[in-house]
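Each structure below is given as structure tokens.
Both complexes shown next keep subunit A, but they swap its partner, so subunit B is in the first and subunit C is in the second.
On to the complex of A and B.
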């Protein structure tokens, strides 16, 4: 049995990785739950955001790169929504089209930045604090804070504003909401733009905390989708909470058995939910 | 028969290639083509036919690869002896996964797609930890000498499997099993109510699909001779397989094979030209272009054109059974209850349907008429009570077994299978009825009911091309085709013009004269009075009155329920 310190550090790192799952899952959950689009390209977009941050980090502070990537991705998200709502009406078709888009973005990334692993050099990477027996690094903490702020803000937006009410009505029945005066077209563009903008933020966090490689795009899919499904489609806080659950369970599994067993965790959780709470699907 | 001849001819032509002494390149290239044909066609058996897209085909293929690799490479088994195990392991994996996910009735296609995507990573993890250990497995097998060279022998093995796979896809396509899968694709609930055992069919298709992928994997392990987890369990395989089938057409047995040949040739051209990155991007572009421009695939597009040109070939109606009205009950409902989250749709409803009669089931909106039909047909499970049909309890039975017992229904809002022609729609229930009919017999039966409802001229069009009145008649024809002993008609007249209504009333009478018992749910009182022998009135989920139409309508309780209490 590993020591208490190791277990504590595992829980902590599980929370940090879970925050990234939640941040990646946020945009996915919005577009799936509200727009009925399963956007696999969300992961490729996040990596593209990460690579852009990486590229600009020589001249700009990683956080300043968001000034470039967030508006850019917002527009890209709107363009994607235009294409999907026009040419891929069926949910399964959105899945296939965005899978195609993923291959294209992946090939583009590979062409520009090669298939090698890239690590962003930044002075933030060296900042770390010792809290009692545990270490906390600045990039991890920033990821956690950003995830909590964005998911929380989005949750409040959906919960308390007119925009949120319209969005919830659209989630329930888009045609009916439109008949009652919800501008569902504009709403769709805004939500899709926001989802892509969240991918840009997630990308920056990825660049801060992880090495980047085109093949890594696929590595995140399984676990983040599990977080979205466990957390609930269309929910803003759900993916983050599910992300924490998965992250911590994974980290503990790694500490107790071997690191290579971690991918089993999210899948087991998902199957368990399907078996014991099928009603939520 | 023509198809069988074609198969033998193509198989024989391809089988001589290793003996021609061509450069090894041809055998390798053709092997890869056939390998893709097997994977795409086997994927399509579940995913194309029934619409449950699997992104985990790489996992089932990989299971086969690793079974053969481990047994041959680590335990020195005979290569051929491992192949049944490779197929069996993949099928077992599909069986377990399917038994879990298909049990959830509301499980949607996207969820299935993502779960199968996840299984790829899970299996890769297990293989990496338990079998492979990291560096990969060297597979040195004794390849049976079928051809002058080893690669030629593997090519012949893959050819045999490819022919078998395409043959299976062809056989399933034209079978009862295939028809059931296509119905599941369009509307799973209706398919179940029409008698298709949906759970069993999905599971069987999944196992078959996995077994064939595993078989291909077993041979491929020897072909590549060195297997690694990263190469085997790649997402690229799953994506390519989907792409091939979508390009060729998922709704045709040959579609995936056509797509597989086109894509593999394209990709091969690019990897040979030292531009694999470009090839990957190209696959993405083709995938998007296909979805946008040709959602039905190459063969789908060709077939659509052919369907327009084909003409009807009607057969004469069969002689019909005579009606035998009497007072013996055919269905007895006792205290049937059903609640939806606090709304008591049926509250201890008790009523009786007598053999040979037309029973009118009336009541205000929300009184539980449609819920009653949904409970009897097995669409919803009842909370309590009993439903005895011809001496047998229906509650607790799956919907397809209720259909098989001789109960049919129509839907208030027509729910035809959108991608099946009108003829195929009507031919489906006889294939899954009390007496299982083969396709030809079922279609002959369907023609009869199309004539009966006046839809024969529309037999080859898709339901989308029908107007409301024709769709309602299609519902009727489809319900009749299973030759039900008890038929529920759920507001067949709503939305029809007065003349169309007269047609429909004549039709309902003709149905009864052929011996069926009818429960007729309707708001149009003129039709209720004209048609029914007896009337049962439901309010708030209870049967409050039963008897002759005129008497019941004078019952003060009924007047009260419909019009409210009279004052003064």
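On to the complex of A and C.
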């Protein structure tokens, strides 16, 4: 019988990894749900963000690197939107084009930083707190807080502002929204820029909590896709909540049964939701 | 034609400089073409680049020494992208289109198995560096050069538990945590049997999928089981991820082994110090007592740095590739032939001294059963040092 400490620590571990799923899923959900662009390159951008953080961390605090990466990625996101709008007009094409782009970014990362594993040395990795029988590490906590703040802020932006109302209208019916004065083109650039900027933040969290290797870009795709689909396309809070659900389910599976079952959890949950709530898709 | 003093001096100078030329310029005739693939991209690329740099150093040196049979050696390398199916195609092309004289090893079990099938179809000799499941190597002209036994699932756990018994606190309880990556999984299956025979107690036995992202719950399970010794059936970056997860819950197993960790990232981790791992070679005496090997270690360090490889010391990976070329050179030189069957027949009857011991192929399926050339290394103050068996231990190194 697993101990309470084991179960509790595993739940915490699931919440922390779920936060990273949510943070990675946020940008993907926005571009997929609102712009109809299935942007596989989002994962490559996140890793690129991680590598840039790693590179700059010798001179700058990892959090300060966001001053460089966030604006840079915002511009890159806008450029990507221009490219996809011009050359990949339908959703399937965006999937194919961004898959190609992922391979190009992966090759670029490998050329600059090699295929070897890179681990960011940071004093933040040594900071942890003991709460009763449980441990919370600083990088995990920061990832959780950033995920909650960014997803919450994006949710509020979509829910309560003119920008959000315009974005929702555009998602619902672009032609009708345009008739009411919504500038679809400009909105598209801003949303795509924001999605890429979120990838930069996710990249910094990846560098803080994980060891980087170009090939790991693909390791996150399946589970984050599941989180986005379970959470709802275009939703800001959905991927985070789904990330928590998947992360905690995976962690508890690893804690009480064979850990080899854990990768099945995300897709089992996805299939269950497709079966019982098909209207979401 | 009149020969004046100036021309005579020039001719004499040319003759002298020809005599003084290195072997590279004396190797003449059609090059001996040796073909292979390596994973230069894809998940195994971080290891493929080590093999590439090593082979380039060896071939450069070989050509400087006069090549093989007085002919220059041309190494034809293709990127198999870490994919067995592409390896199969490449080896087919190397034999039929490039018409190579000899084949050299691809990297990793699945790719070697793919290349072996092609070699068998064309009756070509295949030396291989890193085949994890020897019982699957059924082709009579395949020859392992990694120093591994026919039964690593028996030899390696015994070697590791022998080493662990020399730790300041010899373990009695073991937690087995193993990846399902084929070769390490196979060895861990053997460890279960070996620990029973040695009277050790298993307090945890779990498997996880290779590519696992979250080691938090696994770390918590190990902490909960409280073993004396962690058997990490792990390779690549998994040991680092596992140790980082353990660090987050303020836990460190009293003793631990990780079978084949990526050597670089663990070096600076305080929680990794004292970890054991398997190796064939480390860049310290007695391995480097041979000046030629010491020179290779030096050149490798420089070339690895140029290639952007973070860990620039020669270890298991570069050593097995170097050994593959040593074996090829020895067989071709001894037989004065590049005929695959002649070389295979010679290898079966002879031994080759390589940089980590003496290789022979007179056991089942061209392996040796019950013993091998592997050693146990330990991470001590940011350096990997061989600690067991003692005849290969770094000078002054003790188990900590």
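Just so it is clear, the second predicted complex is superposed on the first by the 281 of 281 C-alpha atoms of A that agree within 3 Å, B and C clash if a C-alpha of one lies under 4 Å from a C-alpha of the other, contacts with A are read in each partner's own complex, and residues count from 1 in each chain.
Following the convention adopted for this analysis, a residue touches a chain if its C-beta (ideal position, glycine included) is under 8 Å from a C-beta of that chain, and two chains touch if they have at least 3 such contacts.
Keep in mind the model is a prediction, meaning the values are calculated, not measured.
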Discussion item. Given the alignment on subunit A, is it a clash or a fit between subunit B and subunit C?
Written reply: clash
Worksheet entry | Contacts of A:184 with subunit B and subunit C, given as first, second, both or neither | neither
Practice prompt. Based on the superposed arrangement, let me know which partner A:107 touches: subunit B (first), subunit C (second), both, or neither?
Written response: both
Worksheet item: Counting only touches as set out at the top, which of subunit B and subunit C does A:119 meet: first, second, both, neither?
Response: second
Worksheet item: In the superposed arrangement, which partner chain does A:263 touch: subunit B (first), subunit C (second), both, or neither?
Response: both
Fill in: Steric overlap of subunit B with subunit C in the superposed model, located at which of 132-140, 384-392 or 402-410
132-140
Worksheet item: For subunit A, what residues appear in both contact lists, the one with subunit B and the one with subunit C?
Response: 107, 110, 258, 260, 262-263
Worksheet, complete the sentence: Listed in rising order, the residues of subunit A that touch subunit B in the complex are 32, 38, 87-88, 91-93, 95-97, 99-104, 106-108, 110-111, 218, 221-222, 225-226, 229, 258, 260-264, 266-267, 270-271, 274-275, 278-279, 281
Fill in: Footprint of subunit A on subunit B - complex, ascending
53, 100-101, 103-111, 113-115, 117-122, 124-126, 128-129, 235, 239, 242-243, 246, 277-278, 280-281, 283-288, 291-292, 295
Worksheet item: What residues of subunit A sit close enough to touch subunit C in their complex?
Response: 2-3, 5-6, 9-10, 12-14, 16-17, 107, 110, 113-119, 121, 125, 128, 130, 135, 137, 140, 210-211, 213-215, 219-220, 223, 247, 250-252, 254-255, 258-260, 262-263
Worksheet item: Once bound in the complex, which stretches of subunit C touch subunit A?
Response: 41-43, 45-46, 48-49, 180, 206-209, 211-214, 216-218, 220-221, 223-224, 236-237, 240-241, 244-245, 247-250, 262, 264-265, 268, 307-311
